[in-house]
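Presented sequentially are two complexes of subunit A, the first with subunit B as partner and the second with subunit C.
Let's turn to the complex of A and B:
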């Protein structure tokens, strides 16, 4: 036992003990602990195995940059992999498991990879797994994936709720350390709407582990006072457990709030996590600075930690990582940690200072080795000693933990997410944020200030500047008095020479210094290339600890300054964001809402089988007792419509009402066929083109009065056509006096089709619907028996005598039930989308299966609809271009298998008999196909080169997908009633 | 792309409410114009870096077509006007 809970001190609640488990072992922590501090208090130094070599790894940091202590937390469906123990708040009953080890953390089989390490160098995967290509997917990848075990996502449905919110403020302060807290106080007192965000579960940042007194009191007391003042200000919002992960255009920030991740029993009334989008007039990053590791031999042994983390664990959590601690530093920070630990009674083995001429003063009695370096570490799964080298002499020093301090890098991630590159500062030996304008500024350590007093002052000053930017005058802030501080300084040290064992740069991805050398030798010296080649900085921590050291090493090897080398690109997210939180409430029916027709209940009562079509649930067919396959039902429905009468729900078609003195002119320009002279009370089939001359959409348009039309669109393009019409009316022809609105959801519409449909319709409506009074293409408002007003259209998709009856949506089901009642004596049946499709293929009517965006009106057989009289309409000019009028274009034809029992399916291509299947020999394709119960065989619609001249010829229907070739005869696409006698009867 | 679009009718709204069509500087040619003019109008698009005027529709708002003038590189939005205003300006 070497790591332990100190007898006093820290901001943990020593009266509240929390039980938790790690790899099934029961442990105790305190309220206020992170999982990491509690593990250390239980002397659990070994927490995971590394990614590539499966080396034993321990906790390194006390924050969001942690590369090693990734845990799987929770159980069952509530399991979160890859959670950093250093930020996970401890709660009673927490279950944590280590990752990437098998069969157990202590005895890991994958550690054999360490013995193979000469073969596992950088670029190893690229070089080794190149050949044979087929092996990649089947052999290499599964093995690599199995071995490269980060945490695993569970397969159960996520039981948590998530949500997304917007917030607005004058000033967003990111981080509540000394600079952030002073900025929030200053801006809050000045009256700005302030949001103060901190990723920790307690506001205060570095002040929570600060030992320098503020205003003569412990720093934590200063934090408490500041927070209670902020809580009284109505214009200030405090958000803890919230990570600002991205900076987006217009100063909108993305933030993840972990609302209930710290609770053993979350409330069902609150989300687990929230994604905030914060629109901030100004933002201040007070994100602090990250201490850099030192790259020396054996620096990944459990027990080697960041010096600052040792201080934090001791000062804030009352935990000592060891009984005898060594420190390796290139600056003043190592001395500070030594003083912190000594103050808690922890023995210091030695301070090894890489600088020969440093003047910092160590705690009384502490041995300082100036100009020394560590070349190796000892111990198996935890540190037992270090090998120190100075002036050619080596010495073994015993210790059970050590801290390393390689200087500081300001945390500038957010400031560089929108394209601006970090700038190298020779003075600070670090990359600092570029000037990104007034919207976002940095303060405190994030701006390269490392002294407490300077950070407090900078936060206040920057907040005052922002307040005056926004037009608020503030008086000079009262700055708290700070106790004596040492000046922070360090000398850059990217790599400690003489390493006896691997010196790791990136702990999480197992990249060591030699890998970077190899990358350079093999031509991957550019910082972005080196990253991909070695995987340095590509792990879940995105190189928070490793990137600057990697840049320093690469620059050093090339004899250039880090300024010249630059850094890799910063992108959102700062830390990983769960998919659930990003989805928010958009899941299941909230992601893809279920659209149901006003006749859905009627269809369900008639036992419809529904099919998803876009967001719609449409009735597909209506099986009856004894029918074993869908085809049996569909065949029956089709024959019944052809012989008696059927009712089909066509409510999903788009419906747009168009009004105004220029309504007719507007439609005339919108459609390729004329609309000016459409008589009132008549419907007309119309084709809308795209400006490139291809068909966009089709449907019937009815004139209900001189200045009132009803346009219908296909189901799929209801929204698209509406937008298109709005564009034409608002942008192309704003001079036209026309207004329109979508009424798709306001009307239930049913097709009543079949030779007996007139009998059914006449039984329902007051108006005369005889052929004389209500001929084909009549369209009128009618009164239903009982007084309900509706609209009746004599239009037919099936080719039968047919009507479409529209009633206000709320009456839809009642009217449909009535239609069925009235129709029973005439043998009515409900028919669905499948039967509708068969009926229209038999009649040679097109849908978007034919009008797929590559088809001109003439291709589909509508060449005569193209008005030559009209001066202009959308698509007119390019309809006449070369290529759209060529004689060998593919034209719509019908197809029938020569052998009656063969079938044809859509998607097949057409070839001349004996021709080899090739793009060059392609003659066309099948767009729709079905079994026609009327003809007793399969039929199809397709497009064939010069097809209309080739009726009677035979082609091969080549279905590569199913490996079938079928000989078919080309015919007129209208298979049923080509003379339209049924339609007009 | 900008995160927030100041719609002249609805105020500042998130970009998710809008749909983008493309170049707003194009003027629909006269039907008698040459093949080349029409080809340019229908098919040829510049992809400029810098200032660009685009047609955006406020689909989940007022449903007006707007002209958004923005910088394709910095994503700064300079102005948002109603599309019909622009149409009247160019004399159509």
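Let's turn to the complex of A and C:
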């Protein structure tokens, strides 16, 4: 046993022991532990196998940048792969499993890859497996995918709930270490609306492992005091377990809150995780700085950790990673860790300082090797010693853990997510954030300040500046007194020469220094190319530890400054975010809203089968007892409408009321056909074009009074037409005095169609609906018997004598029930969307199946509607352009199979008889097809080159999907009552 | 033969009649009158002045020169008539009483509930009593108004009311939101 729990110290609750398992083995941790600190306390040094070579790996960090300690946590459907043990909060009953090893973590067959490593160099899959090409998809890729990779996602349905939430503030402070905490206090006291976010489960950041006293007390006590003051301020919101993952336009930040990932039994009332969108007037990044690893031979052996992580495990969690610890440093931080560990009674094997002339003081009695370096490490799956080299002299030093410190890089990710590139600072030997404007500033270590007192002051100062920016004047904050500190300093050391074994740059992707050299030799020296070529900086950690070293090494290899190389691109997300959280509640029935017709209840009572139509649920057909297929129901409904009468819900069509002295002129410009002289009390079919001359939408428009119209649209384009009208009124013709609003939801509308429809309608309304008093295309307000006010339109989609009756939506169901009631003696039936479709195809009426955006009015047979009298209307200019008037354009025709028992389906293409089936010989296509119970055979509408001249000719209907060719006769698209005698009866 | 037609609320079978309301409560208003007022060209200011002077009605801004007038006290017909008398030629009044559903969300957590679906700042200093706005609540467009300290009114299109109700219940789950028809 080497790693162990110290007998005292740390912010863990020693009275609360928590049982958990790792790879099935029972272990104990303490409340306040992360999974990583608990694993270390149980001397579990080996925690995973590496991505490519399956090398044994241990915990490296104590935070979000962890490349190795990725675990699968949970079981069954509640399984989370790739969870960082270093941030996962320990709870009783937690089940963790290592990843990427088989049959076990200790004896992993994949480790043979290590022996193959000469063949697995960077870019190996681009080169080795090129030939034969057919092998890539079937052989090479599956093998590589199986061997490589991180944890596996489970395929069960995710039982967790997620949600999204908005927050607004004057100041968002990201990170609650010294700078963030002082900033929140300063801004909170000044009265700003402050949100203080921290990714940890406990606020305080680096202060939680800080040993320098503040105001004469431990730093943790200062944190507690600050938090209790912030909790009393109503203008301050504290959010822990929340990672700000992205910075977006308008200073909106994305954040992921792990609401109950730390609970064994989550509450059913709360989501597991919550995505926040935080709109902040100002943001302050107090995200700290990341300690850099050193790139030396054997630096990936379990037990080699970041020096700062060793301090954190000892100071915050009361855990020693080893009994005899070596430190390898290029700056003061290594000495700091040595002092921390020594204070806990942990022996220091030696401090190896890469600098020959450093002046830092090591703990009493500690051996310091200045100007030395480590060239190799010893041990199998855990560290047992290091090989130290100085001026050609090598010695082995025993140790069971070691810390490395390669200096610091400010954590600037968020500041660089919107295009601004990091800037190299020669003084700080690090990339720092560029000036990205007043909306986002950085403070403390994130701004390159590494002393505690300087961070506290910087947080307070920056918050004060922001407060005054926002118009709130504050007095200078009282700054707490900080105990004695050493000045932090380091030199740049990107690569430690003389490595005896692989010197890893990126632990997570198994990229070592030689891979970068290979990339450079092969022409991939650009930092973005090198990333893709070597995979350095990819995967879940996105190079939080490795990127700067990779840049430094690539720059060093080329003999230039890192400033010349620059960095790869910073993008959201800072740390991985589950897709479930991004979807929030928008899944299953919440994925899209459902629109309910005011006649839905009536349809349900009449046993409708519903179909999704956009957001609407429309009645599709109304099966009756004994009907075995939908076609039986639809055929009956169609025949009944043609013989008696039927009722169909048409409430979903768009309805827009238009007012104003220029309403008629407005509509006249909107539609291609004339509307100026439409008489009051009349409806007219209208065709709207797009500017390019293609049909946009159709519908009937009624004039209710001189300056009051009712426009109807198709169901699909109800919203689109409304937006189009708003654009026209506001942008194209602001001079027109016109106002309009949608009344689609105000009215329940029912089509009452069939030769007996007049009898039914007359039984309902007071007004005279005879042909003389209420002829075809009449449109009027009516009073129903009993006094209810409605609107009646004599319009017909079926080709029958038909009315559409509109009543206020709340009365829709009652009126529809009454229609059925009074219609019973006339044989009324409810009919749905399918029958409606058959009726209109029989009559040759178009829908968006025909008006699909490629069709001109003339193509659809409406050429004569285009008004040549009008000075202008939308689509007029381009309607005359070459191509739109060509004689061989596809025109709408009817189609009937020559053999009566053959069918036709929409989507099939049309060919000349005898032509080879090929799209090169394409003559047109079928837009709509159905079985016509009236004609007793299939009929179709289609578009065919010069179709109207070709009635009587035969074409082949080529259905490539079903592999069928059917001979059909071209005919007039109006199959039923072409003389319109029924319509006008 | 005269016909008597029973009016049906869009949420009739989905929401029960009044019982004990929880601390956070969503009341579905059973009967309301809602009229969209569209100011005639050039009359925007005078219509706004006339509407705000009328204490009987509640006026919600919904677009430039366009307001929703909401009342639980009058019938749609009476509201139409009184607005026509008030505004005469200066505006067009369109009855939407059946086309909209009125919901009232109240309680100390009402802002926290709405923040799960609404992107605007609802802090009392930013969205003061009397404010209203057309906003998206999740996928659904609504008109939101703050009518009292912790009490919001939501006007939603009738066809979307069922989906919005489900969404609001989901948003209020953590707070044990209760839902009943307003007495």
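Quick note on the criterion: the second predicted complex is superposed on the first by the 948 of 985 C-alpha atoms of A that agree within 3 Å, B and C clash if a C-alpha of one lies under 4 Å from a C-alpha of the other, contacts with A are read in each partner's own complex, and residues count from 1 in each chain.
The rule is short, and it goes like this: a residue touches a chain if its C-beta (ideal position, glycine included) is under 8 Å from a C-beta of that chain, and two chains touch if they have at least 3 such contacts.
Quantities reported herein were computed from a predicted structural model and do not represent experimental measurements.
Of the two partner chains, neither subunit B nor subunit C is touched by A:473. In the superposition on chain A, contact of A:625 is made with neither subunit B nor subunit C. Set against each other, subunit B and subunit C differ in how many residues of subunit A they touch, and the higher count belongs to C. Once the two complexes are overlaid on the shared chain, A:8 sits clear of subunit B and of subunit C alike. In the superposed model, A:878 makes contact with subunit B only, not with subunit C. With both structures placed on the common chain, the touch criterion links A:657 to subunit C but leaves subunit B unconnected.
Contacts of A:733 after superposition: subunit B is touched, whereas subunit C is not reached.
When the shared chain is aligned, subunit B and subunit C each come close enough to touch A:279.
In the superposition on chain A, A:809 makes contact with subunit C only, not with subunit B. By the touch criterion defined above, A:723 lies against subunit B but remains apart from subunit C after alignment on the C-alpha atoms of chain A.
Residues 166, 277, 279 of subunit A touch subunit B in one complex and subunit C in the other.
Chain contact summary for the complex, subunit C toward subunit A: residues 1-10, 36, 38-41, 65-66, 76, 92, 94-100, 115-116, 118-121, 123, 126, 138-140, 157-164, 166-167, 170-171, 173-174, 176. Looking at the complex, you find that subunit A touches subunit C at residues 163-168, 193, 269-270, 277, 279, 585-586, 589-590, 592-598, 601, 616, 657, 659-660, 708, 737, 739-741, 743-747, 764, 784-788, 807-815, 818. By the touch rule above, subunit B contacts subunit A in their complex via residues 1-4, 14, 19, 21, 28-29, 31, 33, 35, 38, 41-43, 55, 57, 59, 63-65, 75, 77, 82-84, 86-88, 92.
Those residues of subunit A whose C-beta lies close enough to touch subunit B in the complex are 166, 248-250, 252, 277, 279, 691-692, 723, 726-727, 730-735, 871-872, 876-878, 881.
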